[in-house]
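Take this structure first; my questions come after.
Chain naming follows the written order as A, B and C, and within any one chain the residues start at number 1.
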Amino acid sequence: MTSETPRRRPRGRGRRRLSRAGRLLAALLLVGGLYTAFAPGLAAQDTPLSPTAAEGKALYDVSCITCHGRNAQGVEGRGPSLIGVGEAAVEFQVGTGRMPMARQEAQAPDKPPLWEGEELERNTAALAAYIQELGGGPEMPPGTNLSAGGDPGIGGELYRINCSSCHAYSGGGGALSSGAYAPGLGEATDREIWAAMVSGPQNMPVFGDNQLTPQEKADVIAFINYLQDDGDPGGVFTLGRLGPSTEGVAIFLVGITALLFASLWIAGKS
Amino acid sequence: MSAQESLETEHGPRPGTTLEPAAGTAEIDINAPGVTRFDLVREGARRDGIEIVVYEPRVEPGSRLERRTERSVALLFALAGLAGAAFIVAYIWWPWEYPGTELNAFHLQRFYTPVLGVTLGLALFLLGAAIITWVKKLLPHEVAIEQRHDGPSAEEDQRITAATLTNVVDESGIMRRPLLKGAIALGALPLAVIAAAPIIGGLIRDPHRPLPEMEAAGLDLSPQDHTGWHPALNDGNPVRLVHENGTPIRPADVAVAGQVTVFPGIPRGTTNYYADSPALLIHLRQEHADELRGQLYELNEGSMYGNYVAYSKICTHAGCPPSLYEQQTNMLLCPCHQSQFEILNNARPVFGPATRSLAMLPLALDDEGYFVAGTVNDAGELVGSDFKVPVGPSYWER
Amino acid sequence: MSTTTEPGPRAKAERPSRLAHAGRNADERLQAASPLRTLLNKVFPDHWSFLLGEVALWSFVVLLLTGTFLTLFFDPSMEHIVYEGSYTALRGVEMSAAYASTLHISFDVRGGLFIRQMHHWAALLFLAAIVVHLLRIFFTGAFRKPREMNWVIGVLLFWLAFLLGFTGYSLPDDALSGTGLRIAHAIMLAVPVIGTWLASSLFDGPFPGEVIIFRVYIAHVFILPLLTLGLIGAHLALVFKQKHTQWAGPGRTNTNVVGERMVPRYAAKMVAFFLVVFATIALLAGLFQINPVWLFGPYKAAVVSVASQPDWYVMFLEGSTRLFPAWETRFSLFGEHFTLSPLFWPGVVLPGVLTVLMLAYPFLEQRITKDNRIHNLLQRPRDVPVRTGLGAMAVTFFVILTISGANDVVAKSFDISLNAMTWAGRIGLIILPPLAYYITHRVCLGLQQHDREVLAHGVETGIIKRMPDGRFVEVHQPLGTDLEYTGWAVPKKMNRLGALAPAVRGFFVPIERPAAPPEVAPPAPNGHDDTGTGEHTRTDVERR
């Protein structure tokens, strides 16, 4: 299970509208960045930021500051402090479009990110650098293939004891309390899975490197990749891999319905 | 197909649409000359209380419609055979072995089961369709009426049977001979018990019989009243918390807002042999831990270690693992029946059918800095401790 | 068949005689001629709704066939082994032999996965057909005297099928089936007084022990199939003995059966239907993946997945358990403490009450209606509004419980709060069944009234006439004078009267054309009426 191809899948929903929004944002960012650069007293860091982080701060002050507050200190009732969440959290939350959130609710759903393509990567990296330099926290390994050397057998066991209770055996995700849910993993990339494990986004618990070593994380990711690719040897239709509930619907919608028509045909006089 | 034609030509007149008046209701002499085969059929039906009212050909024999129908039936049969042959070919020659690795490459194997299903399904369906078409388009249309004979038997028969039965009873004299009655009961009862004894007796197992490990430790403790965390299973020492792979756990192994499933570190501790033992070790955030500490049940006093808490992973409702840990809302959700437990309030159930809080596993550290199930007593000694209440679903004598 | 032998004159002369010789030989030993004829001549009424039970029968046959195949490879043992088969993601994982052999069937036996999926789909179909068949029997009153005993057997068969399904679901010892067994164990514990003894005896000690898979296996492949076969035999024998019910209609009375004889038509149709049911199962098994156990992993007490559901026929109990409020009763007797588990009511009492109600229903209805007559004619559901309403109530109850059994899947799929789903189920369970009763009852009465209207005033023709005084009236085509309702469908459209071409054609052509009745009037002298049968209808209704 060591495919060397990059596992990131392009997200292409509403591309055009987004790119327009992106251009607008870029313009805003430029203005904001210029303002930040020239406005005195705003840069309150003790240590100077690296250029990437400075770029990230500019983005932050435009897109994130409303909820997470100045210098990522958090705003009571709106958004938590980002001190110590690390670059992994930024990569996950911004990269999957969960942040910025549309509104406060039980779940931060993934949606098309603010930017796309290289712009997304660059801006996410900038924001990540800013948050990382601001308060430290879990870091991300380089590269897109993080399952290299992972054993899906071991990963499966770790997955079932740690992950399946929320994300389901088949990686389909599931409902949590009061409207929250664990998302499906069918589209998740290696980096997203890794980032989620180390940062514990939303209600997901944190799986630090002491608990799941980097090797074990690779195992888990190898297993999830296996789940995504196992090819469903049992048929063309997987019924969402949801198990007995959709199977029960299918037996009535397909099986019983087909046989009702057959009965009508057989017993029909003509 | 040709059989039908021969029926027409060889064996007398083919039954028409309208049958002879009173035909099928009156007995006919089957030896009379000129009796056709269909007359025999109808006479047979009559003897069974059946009247064949309508018996008419679907299609004019020899007509173009008949030939066309014949062809379509034949075609269906042929297609069924073709599909069946396709099934056999696919079964033998289609690559079927699961590739195992390199899954994202295109594999014909992926379609083995679908191909089998479609070919077999088609073969069977076409065969069925051929028969149905044959029956509906080629076989004569018929309406037969069979008389029912509901209700009780003739009174005469009832009386005769009753007499036969009562005769048996009377002859045996059971009614008159109470001694025999008693003796039979006495003699037969043990036999009935003998029949039931090995089944029931062999199956019955005292739920309170201690596990062999407990017996070896010299404790007469029912399996319901302890789990694998009982120190007696570890020579009296506190049992270590271990991962599924058996490695012990240090506090630093669990990140803040992290959780880990822990098992008793005894022989077979991570297997289903101790199916009630698994627990969920959670590292709470400081403010959450403070909140929990502030409202610990008396029973749970001293069971936390720092900001760490461990709850039984066996639901108090039906025994599933309520392990959907929500680290921000601090809920544990059970995926089987949706009971929700408040972590910061002793895992009290706040929603769903569960009635009891999840048991808290007393946590402490041993000399090597690993987590164990135990408490530190007033004298400062580490004492091993099991869950303080029975874990898992309720039962009658709990 | 006829193509294999050459239809020459010699063949024609010899074949019957050889057959006749064989027949005589057999009859000398068995005296079968007369009983065989009776069997061949047996008349069966023809209606699509009478085939539902057959679906169940044929899926059971498929279950026996595929199940026998599976036993050749399945190892019902809980011995721990390390998997080394083809499914990479489980290689090196410790598991029970039962689970490993299920994986072996799925990946390392040629066509094994296909047969396994056929077995599982056939099981789902078996239960679905039983339930649909049961509803048909209920709503048409086919359980009335003299068929109460067969209703009872049918209800028992449902529970046997239920147990067969559940035991089969438990056998692979995957994580999902183990979770199911764990809940079953908890439900056993919830039985008052003997609960712990019951559970401990069946599992031979604490859960899960080391024998349960083997015991479940013996139940699944021997005890339960044997009982099911026996009861199916009794079920069919009673249908044979008591003869099938039929719909009211021309020529059909309470004392006859109008239909087709066993041979050739009925038997051929049965064979064809078996093939069609088998085909449906094969197509389902080939196209729809079912119970992918390799995704679930081996059962471990600490392992679980969100969206853990039983198969659909158990889901109503799952739902009742999910919806039931957290009620646990604790009390003391003689200084001892006792507990009634929250599982007791939804897991033990509810199925018990449902079974008793179902078993008792024919007798209850008989007592309440004081109707002790023999009924061989079916009732249209609209003609018995109370029973139909009760049935609708029961169906609503069952459906709500079943949906609630998967309420987390519904919540996730449709983005609804899980807690809201639970509350909707709880409230719905109380409010909707009575509502269903009320609505169904009203609908039945409305349909009845419409039937009577058509009989009294005729069919709506769609022709609007303007009266001299300016009013508009619709012209009705009367059906006849003084027609009484006979429990049979009333024609309500002109095309049903033959006045217009059928509005629907082909497949959807009306199923029940009036059957030709026995002629009462002397037949036409030439006696070649090829076209139809309609004229005789009326006289016969009157005769009835």
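Keep in mind that, in the parts below, contacts are C-beta pairs under 8 Å (C-beta built on N, C-alpha and C of every residue); 3 or more make two chains touch, one makes a residue touch a chain.
Everything quoted here is computed from the prediction, not taken from an experiment.
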Chain centroid nearest the full-protein CA centroid: B
Chain separated most widely from chain B, comparing mean CA positions: A
Centroid distance [mean C-alpha coordinates] between chain C and chain B, Å: 17
Geometric centre distance via CA averages, chain B-chain A, whole Å: 37
Separation of chain A from chain C, taking each centre as the mean of its C-alpha atoms, in whole Å: 45
Multi-partner residues of chain C (each touching 2 or more other chains): 88, 107, 113, 117, 269, 272-273, 276, 280, 284-287, 300, 302-308, 408, 418-419
Numbers and ranges of chain B residues touching at least 2 other chains: 98, 101, 112-114, 117, 132, 244, 261, 321, 323-324, 335, 340, 351
Residues of chain A touching at least two other chains: 1, 157, 161, 165-166, 174, 176-178, 182, 226, 230, 232-236, 265-266, 268, 270
Residues of chain A defined as touching chain C within the complex: 1, 106, 151-157, 160-161, 164-170, 172-179, 181-182, 223, 226-227, 230, 232-239, 241-252, 254-256, 258-270
Footprint of chain A on chain C - complex, ascending: 46-52, 55, 88-93, 106-107, 113, 117, 121, 124-125, 128-129, 132, 175-176, 269, 272-273, 276-277, 280-281, 284-292, 294-297, 300, 302-313, 315, 402, 405-406, 408-409, 411-413, 415-420, 507, 509, 511-513
Chain B contact footprint on chain A (complex, rising order): 1, 3, 157, 161-162, 165-166, 174, 176-178, 180, 182, 200, 202-208, 210-211, 226, 229-236, 265-266, 268, 270
Complex contacts: residues of chain C adjacent to chain B: 1-2, 7, 12, 37-38, 41-43, 80, 86-88, 107-108, 110-111, 113-114, 117, 146, 179, 182-183, 185-187, 189-197, 199-202, 204-208, 242-243, 251, 254-261, 264-265, 268-269, 271-276, 278-280, 282-287, 299-308, 318, 321-328, 336-343, 346, 374, 376, 407-408, 418-419, 422, 515-519, 522-524, 527-530, 533
Residue ranges of chain B in contact with chain C within the complex: 1-3, 6, 10, 16-18, 21, 44-45, 47-48, 50-54, 56, 91, 96-98, 100-101, 112-118, 120-125, 127-129, 131-132, 134-135, 139, 142-148, 150-151, 203-209, 211, 223-224, 244, 261, 263, 271-272, 274-278, 313-314, 317-321, 323-324, 335-340, 349, 351-356, 392-398
